[in-house]
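So, here come the structures, one by one.
Below are two complexes that have chain A in common, paired first with chain B and then with chain C.
Showing the complex of A and B:
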């Protein structure tokens, strides 16, 4: 094996005012010609480590050498051999794709005769040649990342640092990004890919699992996954009670992790525990428990000590005043922007107590549909109804019956947790004793007590999520709309979030969710697949998977189903992705 | 509706005041500006050096120069030997004016003739130079009329001027009260104009839009806090001006604040209208600047509206600040009766109605 690209020895990084080091005693090497995954929950130190390797931060102790250059002594030489793509790459949204490239080429000194072939190569590589005149701000999430990647690769780096490149990117674009990265490592480039998506870790040759600045595991991800053999099970046959089953199961001491996977519940048991008893998991029902092959995420969650045992403590059942009417109904929803039809005759009905997912590639009309359902975008024709109330002819009454959680944390960062809650209670018309009761109820239910007087902007991510959900359900809406609720959120926070959602669904709340994230889609009872403005499939996740099952692909994942169905409907996207 | 509105207003006030830095930013700069305007931006001429070229060797010229030396307007009299030196001094902006006394000044005066004196002025500072010229003229006139005492000459008519409403012609007394309107105006435009853009950037605006809050409620909820903060600022300014600077209003403060309320509503309407057009804070900032500078210039803040060309005057007429400045000056300097104040209030009220309606309409469009 050739000499390592990066050698890290005894690395420590402390920030002023922090009691715990952001990176503690880290020694590792990064090899050329392979992808090294940097995996960890939010705040684990992934970005800090990236910035240290890029020579943008100085280590407090220890040293990092990149291609033989010390990052502290010779940062300029380090910058010359690396390409760094930060989480939010600094694309100029008011410049076109080409202008962005030219700007970064100027900045990096890629000038003269070298420029034209470089551009040609990168534009072909990223398949952006058709879009050179488009403003960067108008690109989809996936295309933005590709352009960022192109800018980071202008100088043909030997080491490419990619900080969470797949956040907000649909599965098709995500596969493209991986394809591009594999092509690069074939050319001998070393790639560091940080991610909170654990299925990506399995694509890496090496992973470094970070938690609170400490390395929990370093090495081959498959070796780590293999340690979980015999500890992972699918529980099937619980039908509509599977959410209860999951909620009960994760409270048991021997279960370290549990998630929904369509019809099945995936459970991971502690190292010494035996196979869970079907009868104990679902008293009064016949369920089957079958071992299944483990995946990296099982190992990861077990490594971090398992998921939180706490669940939502809300009682009672939400009222449904409008008997007969479905809680959410889209009726031939159509929206045109000029002569472009973003959403075309989209219709669906969501049943009470159902989790319904809206899936689709970036720019397919998923967000447009979601916005119309929230009352944020008036449809050109068709109707959007919540509990039988039309969002555009009876907006105030219809909105009062829905709770909304935006993709980005969108509460008031400079108000305290309590002030935020009080504001949203007031905005939904709660007053006096009722308002106080509602605020106290959600503070207790979501365990926000510890931070109640802290500014919302400074909360840890998990608390922000809880607060946003608390604010959305303050007025006890029968319908909850979630827009990519756990995009970029680590697996533990995501599990906690979905345990809350499951608890609400148990109380009769109806949930509609948009997502890029197949794990999230697995929690849905049914999903609608939207592509090119049309709804191309509405079914249970397992049924979608079954629909594409072939001999070549006997166990398709939901992501496989997603890609296959989109490609079947839209050969052009398929060609672009190929 | 009231519950939702109060919740929104409370939230706006909390966001404005909760952060200690924001609190300081709300209170300190306007007060600082008040003091700066009051002391630094003076248009009076005092303590300026002037130059003298004295080609005359007689006693009369020395007497005249000693009068210049005693004048409080001039800090120092610099003597130059010739025109070349004087020119260099004016070029280097060491003096604003040079008085040149001719060779035969004393002789001509003794002979009962009327000698002339040359005054060289720095035209780059036209206003101040004009004032300096007036002072010099006054001193020279006084000198020559004193010289003629006892000499039998038909007395020329004398002009005696008196400034009504500002008897001491104290610049500060005329200028500072205006700040009661202009400084809070700038603040309110900023707070209200930026607040919607900020929420759009944060994503909280969507959160408001999916709640049962109606567009009109959002408009009112954004306007009222701006109004409250603006009027509070006006009150603080008034107190400082009355008790800190000792400039007392001759008219009714109640009338003044009635007018200020209408004025602030009009300004809030303008700011909301701007914020309904923009999509981020940078654009909001630009919009505010582009509106505020002409509003200041066209208001008669520094040069009287009557002196503007005819085609500009209607523009000044729809500028709420123009009317507010007339009211502030009126109430402070000459106890304007309410009926005259009301004449200035109704155009502001009209602007308020128009801008508020336009803002609400734009909001509705934005939402849908």
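Showing the complex of A and C:
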């Protein structure tokens, strides 16, 4: 192997006012011609490390060299050999695709006769040649990501730093980006890819697993995955009780991780423990327990000490309505913006106690549909109903029946946890003794006591998410809407969040969720696949997987199904979006 | 781009940044508002809304006993454009109106007015004003007194034979003979508007780069901080001059302010001041990374001191020594003086050159501070 591209020795980074170092004593190397994954939960120090390598932050101790140049002494030389794509891609949204390219080409010195062929190659590579006159702000998430990559690639960098390139990007675009990155490493470029999506770690030749600024593992991801052999198994046959089965299983001391995978429950046992008997897991029911091959995520969660055993402690059942109307219903929902139809005749009914997912590529009409279901956007035609109440003719009554958790957690950062809860209780019309009772109830149920007087803004992400969920259910709604609830959230936080959701569903709450995240879709009883404004499939995740099963692909993942179904519906969109 | 003349890296990067900035401005409706609508609107507000001149003071005139002299003075008041006069023979008729604020003052011509006038005694007029509004009260008293002086002079002229050689003091106000407050309010307003626009422009465009995450991408390219500053300064300098064009056009054609100095002096002096305003914005942007904070700071640091300490609304000479000292570092103050001079007096080098020199010194200092404060890294 040739000389390493990046050498990091004894690296420490402290920020003013921080008690713990953001990066603590890190020494490692990054090789050319391969992808090095930087994985870890939120706040682990991934972005800080990226910025340190890019020479945008100065190390507090230790040193980093990139292609032999010290990032502290010679940042200009480092900038000359790297391509850096920050989160949000660093694009000027009010400039066109071509203007962005021209700007970065001028700044990086790609001028004269070298420019035309470079542009031609990058536009072909990213398939953006047709969109050169479009404003960057009008591109889909996947296309922005590709333009960001093209700008970072202008000067044929030897090291490419991609900071969470796949956040908020649909699976089709994600696959396309990986394809492009593989092509680059074939040309000898070294790529550092930071991510909270653990399936991506399996695509890397090397991974650096970070947690709280410390390296937990560094090396071949498959070697780490291999240590989990024999510790992972599927429990099948629990039917509608699988959520209870999962909740009980997680509480067992020998289980370090448990997630839903369609009909099956995936469980991981601790290193020394043996697989529990089927009868222990589901008394009174015949379930099958079968070992399955481990994946990187199993190893990652085990490495971080397993998932939290915290569960929701709420008793009782939410009140039903009595007229037998479906809890959530979309009837030929249509929304046009000018001559563009963002949502076209979308219909579905969600059953009580069901988790229903809205999936689709960026710009497919998923968010438009979701907003109409929340009563935030007026449909051009059709109806959206909650518990039989129309969100337009009876908005107040309909909204009182639903809880809504926005993607960005609508919390007041400079109010304390308790003040936030009191505010939302008031906003839902609770007051006096009822309000106090509701606040105390959710503080206890969501285990918010530890930070109850701290400002919400400074809380760890997982806690914020719990608080946002608590605020959304203060008024005990029978229906809960979640908009990309775990986008950019690490696996541990995501698991805890879903264990809360599962517990709510156990109490009879009906859940509708939009997501990009296939793991999240696995928790759904049924998903609706939205593409180009139309609903192209509604079914259980396993049924969707089965629908595309072929001899060449005997075990399709849900992501495979997602990509295949969208491509089958509209090969042209799939290519353009990709 | 020609292959033969590739400019050296730094110039090329500056040109690229300027081109980028220009494209952004051209597509951003808010910059159009800041440059064209905001100055026009503010100037109209200042020009028509604020005025220290008074006309149509509402006066209740009480003539206790009619006489030719009394009606002559009454006619003088009635015909003046400064007064709207109501008449009565008893002051009690006006007392309630004065307390209700329907009258600005009461003028009483006493019963023995004509007699005392004939004797050459102090004549019996009484002026009653509403002291709860001292400003208007003072003005009313002043204007009535003025009218009284004028009337007496005219009367004297008619009786030259009996009163020879009367000496009067005649004041003459240079540069603004009509003492129209608009004449100095407009140049003063322009300086505040330019201060605000100049500092806002740069403060906002830099904090926007932080907010949108593009700063991070720029920092990872070979762009140097000096290039970045020039790239922000040049397009916004042009925008600032365009805003000045709007202000000058409005002053000349809407408000009829004379321009006694030359256009060259006006543009040159404005250019020096604009550099200071833009530099303040840049300095703000080194600490404010959100547009909200940047605009708040621009108001606080640039606009408000300009309002109070530039000498445009409030006389600096009559302030306590501490405030007078602070006022010497308020750039808007120098600009107000310069603009007043250019508009109302002419190109007077002894005023303009020292002011311009102080402003140039300020901008140099601000740029040094900005360069020292701007970090090439994120921490």
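Note that the second predicted complex is superposed on the first by the 572 of 578 C-alpha atoms of A that agree within 3 Å, B and C clash if a C-alpha of one lies under 4 Å from a C-alpha of the other, contacts with A are read in each partner's own complex, and residues count from 1 in each chain.
As a convention for this text, contacts are C-beta pairs under 8 Å (C-beta built on N, C-alpha and C of every residue); 3 or more make two chains touch, one makes a residue touch a chain.
Treat the numbers as computed from the prediction; the structure is a model and nothing was measured.
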item: Joint occupancy of chain A by chain B and chain C, clash or fit; value: clash
item: Which superposed partner A:103 touches (first chain B, second chain C, both, neither); value: second
item: Which superposed partner A:566 touches (first chain B, second chain C, both, neither); value: neither
item: Touching partner for A:278 - first (chain B), second (chain C), both, neither; value: neither
item: Which superposed partner A:123 touches (first chain B, second chain C, both, neither); value: neither
item: First, second, both or neither for A:415, with chain B first and chain C second; value: first
item: Partner chain(s) touched by A:426 [first = chain B, second = chain C, both, neither]; value: first
item: Overlapping segment of chain B (options 20-28, 56-64 or 164-172) - the one that collides with chain C in the superposed model; value: 164-172
item: Intersection of the chain A residues that touch chain B with those that touch chain C; value: none
item: Chain C residues touching chain A - in the complex, by the definition given at the top; value: 1, 3, 6, 9, 12-13, 15-17, 19-20, 23-24, 27-28, 212-214, 216-223, 376-379
item: Footprint of chain C on chain A - complex, ascending; value: 15, 51, 54-58, 75-76, 79-80, 82, 84-95, 99, 102-104, 106-109, 111-113, 115, 151
item: Interface residues, chain A side, partner chain B - complex; value: 374-378, 395-397, 399-400, 402, 404, 406-416, 419, 422-431, 481
item: Interfacial residue positions of chain B with respect to chain A in the complex; value: 3-4, 6-8, 10-11, 14-15, 18-19, 22, 202-204, 206-214, 367-368
